[in-house]
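The following pair of complexes shares a single chain, chain A, combined with chain B in the former and chain C in the latter.
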Partner chain A sequence: MDLFGSFALLLAFLCGLYAFGGGIAAIVTRRPLLIKSARHAGMAVCVLIWLGFGSLAYLFQTDNFSMAYVVEHSNRTLPAFFKFAAIWAGQEGSLLFWSFLLSIYVFSVLFAYRGKHPELMPYVGVVVAGVQLFFLTFNNFLASPFQILGSAAPSGAMQWIMRPDGNGLNPLLQYPEMVIHPPILYSGYTGFTIPFAFALAALLGRYPGEKWIHLTRRWTMIAWGFQGVGILLGAHWAYAVLGWGGYWMWDPVENASLMPWLTGTAFLHSVMMQEKRGMMRVWNVWLVFTTFLLTIFGTFLTRSGVVNSVHAFAQSKIGPWFLGFIGLVLVVCFVSFWRNRDYLRSDNTLDSLVSRESSFLFNNLILLVACVAVISGTLFPVLSEWVRGTKISVGVPFFNMINLPIGLFLLFLTGVGPLLAWRKTSMASLRKNFGGPLVIGIVAGVVGMALGLRDFYVTTCLILSVFVTLTILLEFYRGARVIASRGNTNLLSGVAQLTMRNTRRYGGYVVHFGIVLIFLGISGAAFNQDKQAEMPPGAQMQIGPYRLTHQTFDSTQLGNYTSERATIAVDRGGKQIIMLYPEKRFYPSNQESGTMVAIYSTLKEDLYVVYAGHSPDTQQPVIHAYLNPLVKWIWLGGAIVVLGTLLALMPNRQPMLALRTAVEPSRAAPALSPSPAPIQHYDGHD
Partner chain B sequence: MKAKTKFGIGIGIILISLSALAWMGAKQSQTYYHTIAELSSLNASAMHQRIRVGGDVAAGSIQHLPGRVDFVLKEEGKTLPVSYVGSDPLPDTFKDGAQCLIEGHAMPDGRFVAEQLQAKCASKYEAAPGGTESSQPASNSDRKS
Partner chain C sequence: MIALAGAVAALAAAPLFAQAPVQTTDRVRQIGKQLMCTCGCGDTAGSCSHPGAAFSGPCEIAKAKLKEVDERISRGESNSAILQAFVQEYGESALAAPPARGLNLFAYSFPAIAFAIGLALVIMVIRQWRHRPRVAPATGPPVSAEMLEHARRQIEREVQDD
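Right, the complex of A and B next:
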């Protein structure tokens, strides 16, 4: 099976070479047969990568301990579920997993647009084949997961070895969330390849109009959605597993996943300016280039050991390859931009400071500043060594100080932007749209302050959250009222109809509302408290309204680990609420241990209890309890963002005629509209 | 005033105020990286800096004392006596031979007082899949505020 897998990958590499080279030849010669064969080669690459991935999965499931990679990351007692997750637990497997997810996107794109957009797709095929070749180089030659354990026999020949058992999976990864978090985050990372490929293809082929943006809108949203959910799941995993009481600490690895999300968010917004007004073409192309480069850079950051992080993959030789690839992509992007820059000229310029355009502009500007701040903070040790000769790192205060005001400004724009008119907004409409929400928001802030709120950022966050929520509700209400009065239905079905008529716009509002909840949840961290004490059985601890009583302590042997567990009764005002079981697990196979945090989560706050081990002095168990307000709102907000993204991905239910031809010209009636529809009515966001 | 000028001013204000914040944040939290070899040659002013040092925990050197944990960090033949006084419990991964990152201050007597400590096993430890917030066995008192 290992031979099968490595041959599949080798064949994928060869097919990739053909898809790339043959694709270029096809573009030059414009021979239909060559175009077709290059596309088929591209699809074959994907299928072969699936086979390679499947065979690695098979090797894991069948406990093939002659494979170095399987030995390193699995063992016999590991549940099948985790044997699957173990595939991406190390460098080699995760790079193959990367190729695997990318190939799903690539196959879908090549298949969905087969025979369509003949001027664009050959270029797309070449670009994606180039990216796939880069990763296949790792899978085949630099970091193959199909290495066999072997040793040199006295005669000089290689002998292969079969180990009786493997080393087991890192306990930090033996957590259900860790099985879904990497696939989701990687789906985000890899997904940005698609808009990148289309943008570069459109530029290279001087593809007319903004059609590449319509073609990639959904792909970009899918990648963006995955990336966001991946980040949140990672935060949740850190919160629930690592046991330090928080969910985000601006670690390089976290930052690496945030950076492309920030530029991706900027891109999702600024394309609307291009669609509506033909502006920002250069900007958008570079935003999507940057986003793609950041996904590669993020992978580089986590694997090269450039930045000191306890999290990152072991230092390895693949770093220079990533840098080389980033450099190459940059050169390709820049040359194709420079040669085709006349094609990207803007149709319009900015008219007014109070307009939709300007809100997008500011949104983009500060998202980019946030991204630059995160990059420079992450790379501060490297940069300072270049500039001053000493390595200096910056910590959490740096990131918070700059990103909190940026976040609040973004929150403000979230409320204001969608309701501003294109070109110029009148005072009257400002008052009509924002007067009420602003007044109520400020009242909420005043009430909050009267109740003891003192933190400036938290108060601002509260005011803005109320303000944004009300503007969103008002938008739904106004639209639904019109539909309800016209169609004689009630308001609720009005809301549903409204949303389905313009999914992009109203899905966007739902996403915005989810973001508001996430902001509220984060602001709760200003009121975090924690307490740590030695607690022999029978001891008690009071934190906030909760009283913890340590009842019993036990140590048991379970499955592939030994568990030490405290049983803690929680009561509030004398009323028993819940039993919590904070736990420490020890995995003998690889001498690792893991912390199982016990969390009692309510909308108001999380009671987060960690068994921190024995006190070295007294040998008594140490319990560390945290009270983290509003954390649940972050996960709730994340779920709503997903819902909104799904809504925005859905097709509109009652599309206008012009809209249908513009969005899907080829599917609707290719013969009728050879050129893009004259009326630029695209779905959503008006 | 033309729209473009207004934009220029607006963007300028945003960028300047954010850079000021970034500068303040950097000043507040900057930590100097040094190797153990460099520590001995630092001048007096560097004693006030927050310093980060990395190395391996010398086998058998960990001593649990009331209120602190003493151990010896070694790197490329040099050794550094360390007292960990942080409030967080030691991570599970902190043991003999572990790779260790400490943050704190160098004392005039050559001892290093660490307030933060992160450790990972020296053995075949590869943490979580890339691009994830993986192993944070670290005790870290920084918290999002």
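Right, the complex of A and C next:
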């Protein structure tokens, strides 16, 4: 099976070469048969990658310890569930996994648009084949997961070795969330290849109009959604497993996943300017290019050892290849842009500064500044080492200081932007849309301050959260009221109809509401408390309103680990509310430990209890308890963002308006008709 | 809305539960959170949980730093003097946020510079868009069906809400 996998990947590489070279030849010669064969080669690449990936999965499931990669990341006692997750636990497997997920996107695109858009698709095929070839180079020649263990026999000939057992999987990865977090995050990373390929293809082929935007909108949203969910799942994993009481550490690997998400978010907004007004064409193309480059840059950071990270793969020599690829893509993008820049000229004017258009400009500016802030903080240690010879640390306090104001400004724009009209917004409209929510938001802030809120950022976040939520609710209410009054239905049904008539707009509002909840949840961190104490059985600890009593302590051998578990009774106001079982696991195969945090989670706060192990000094069990307000709002907000994204991906139930098709004007008609075809029906509002 | 009001109330009530007086141990942790731990956890000395190790508390390196902070507090040193002492002993890499001076200013000011450049670009783009010559009333040949169809599509795009 190892040979099968190797050959499948080698064949995929060869087919990729044909898809790339044949694709270029097809573009030059315009021969239909060549176009078709290049497309089929592209699809064959995908199928062969699936076979290669499948064979690696088989090798893990069958405990084939003649394979170096399987030995390194699995062992016999590892549950089958985690044997699957072990595929992407190391450098080689995760790069194959990247190719695998990318191939799913590529196959879907090549299959879905077969025979369509003949001016565009050959270019798309060439671009995706180029990207696939880059990763297949790793899978075959630089970081193959199919390397066999061998040693020199006394005769000097090489002989295969089969180890009796493997080293096992890193305990930090033996957590159910870790099985789904990398696939989802990687689906985000790889998914951005599709809008990149279409953007570059449209530029190279001078494909007319905004068609490529329409074609890639859903692909971009899917990638963006996966990226966002992947980031949140990673945060939740860090929260539930690492046992440090937090969910975001501004670690370089976390930052690497955030950067393309930020530029992708900017793109999802600015793309509307191009669709509606034919503006920001240059900007959009470069936003897509940047987002794709940041996905590659992110994985370069993770794998090159350039920056220190708890999540990073072992330092390897593949970094220069990534840098080379980034440089090559940059050159291709820049040359394509320079040669075809006249094709990207905007055809409309800005009517007013107070308009949806200008709000999108500012939204994009702030998102890009946030991305720059994350990049500069992440890379500053490298820069300082390069210039001064010492690596300066840039930790959580720095990132919080820089990003908090940026985040709050974005929250403000989340409330303001969607309610500004296209072209021009009148003062009356501003007052109508924002007056009430702003006043109520300020009142909420004043109430918070009266109750003791002193943190500037938390108070501002509170005011803005109330403001944004009310603007969103008002939008739903006004639209639903019109529908309800016209259709003699109730308000709830009106909301449902309204949402289904324009899923993109109202799905977007739902996403914005989810973001508000995430901001509220994050702001709770200003009031985190924690206590750590040696707690032999019978000992008690008070944290906030909770009293923790260590009742018993046990140690058992379970599966592939030994568990030490504390039983903690939690009382509140003299009444027992829950029993918590924080756990410490020891994995003998790789001599590492992992924590299983026990969390009592409510909407108000999380009681987060860690059994830290025995104190190295006194050998007494140590309990570390945290009281983290509003953390649940972050996960709830994430779920609402997913819901909103799914809504926005759905097609509209019925068109917003229908215009009569233009009729050939009579020769006697005026030169430019001042009145276009009449609007027959319109249920929207703005 | 009720849930949001709940969140607002919880947020507003949070300071009531926060521990008011800062005791010595809390001060040690506070200062510890401004010092990097160097065990490889990527966290600060005040919050090192040393993932993967047998003990999920502060590692030996973090404990040594916290102990030194504690000793300096008992000697009556101020927070900034303690941090400065660590910088002198271990260099600027001892701090979780580099002091805003010299080359470090670059890290602090880069986002602001990016914002300023971006803002200038936005203003330039807006001026360009606003000063673009508008279409003059047509006096030429009659409008073709294609032009009307193009205009119809544009109207459709622009009035459809997003």
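Definition applied: the second predicted complex is superposed on the first by the 647 of 686 C-alpha atoms of A that agree within 3 Å, B and C clash if a C-alpha of one lies under 4 Å from a C-alpha of the other, contacts with A are read in each partner's own complex, and residues count from 1 in each chain.
Criterion: a contact is a pair of C-beta atoms (placed from the backbone, for glycine too) under 8 Å apart; a residue touches a chain by one contact, two chains touch by 3 or more.
Remember, predicted model here, so these are calculated numbers, not experimental data.
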item: Contacts of A:Glu72 with chain B and chain C, given as first, second, both or neither; value: first
item: Which of chain B and chain C A:Gly452 touches, first, second, both or neither; value: second
item: Touched partner set for A:Gly298, first chain B, second chain C, both or neither; value: first
item: Partner chain in contact with A:Val439 - chain B first, chain C second, else both or neither; value: neither
item: A:Val466 touches, of chain B and chain C: first, second, both or neither?; value: second
item: Touching partner for A:Arg388 - first (chain B), second (chain C), both, neither; value: second
item: Between chain B and chain C, more extensive residue contact with chain A; value: C
item: Chain B versus chain C as contact partner of A:Lys276, first or second or both or neither; value: second
item: Partner chain in contact with A:Ser346 - chain B first, chain C second, else both or neither; value: second
item: First, second, both or neither for A:Ala639, with chain B first and chain C second; value: neither
item: Intersection of the chain A residues that touch chain B with those that touch chain C; value: 170, 172, 242, 244-246, 249, 251, 308, 310, 349-350, 353, 358, 361-362, 365, 369, 373, 376-377, 380, 390-398, 401-402, 406, 526, 532, 584, 592-595, 612-613, 616, 622, 624
item: Chain C-touching residues of chain A, taken from the complex the two chains share; value: 170-172, 241-246, 249, 251, 272, 275-279, 308-310, 346, 348-350, 353, 358, 361-362, 365, 368-370, 372-373, 376-377, 380, 383-384, 387-388, 390-398, 401-402, 406, 422-423, 444, 447-448, 451-454, 458, 462, 465-466, 469, 473, 502, 504-505, 508, 517, 520, 523-524, 526-527, 529, 532, 544-545, 584, 586, 592-595, 603-605, 610-616, 622, 624, 627, 629-630, 633, 656-657, 659, 661-665, 667, 669, 671-673, 676-677, 679, 682, 684-686
item: Chain A-facing residues of chain C, complex; value: 1, 3-4, 6-8, 10-19, 33-34, 36, 40-44, 47-49, 51-57, 60, 91-98, 103-104, 106-108, 110-111, 114-115, 118-119, 122, 125-126, 129-130, 132, 134, 137-143, 145, 148-149, 151-152, 154-162
item: Chain B-touching residues of chain A, taken from the complex the two chains share; value: 72, 88-91, 94, 97, 167, 170, 172-173, 178, 181-182, 185-186, 189, 230, 234-235, 237-238, 242, 244-249, 251, 253-254, 256-257, 298-299, 302-303, 308, 310-314, 349-353, 358, 361-362, 365-366, 369, 373, 376-377, 380-381, 390-402, 405-406, 409, 522, 525-526, 528, 532, 584, 590-595, 612-613, 616-617, 622, 624
item: Complex contact set, residues of chain B against chain A; value: 3-4, 6-7, 10-11, 14-15, 17-18, 21-22, 24-26, 28-34, 52, 54, 64, 66, 69, 87-90, 92-93, 101, 118-121, 123-140, 142-145
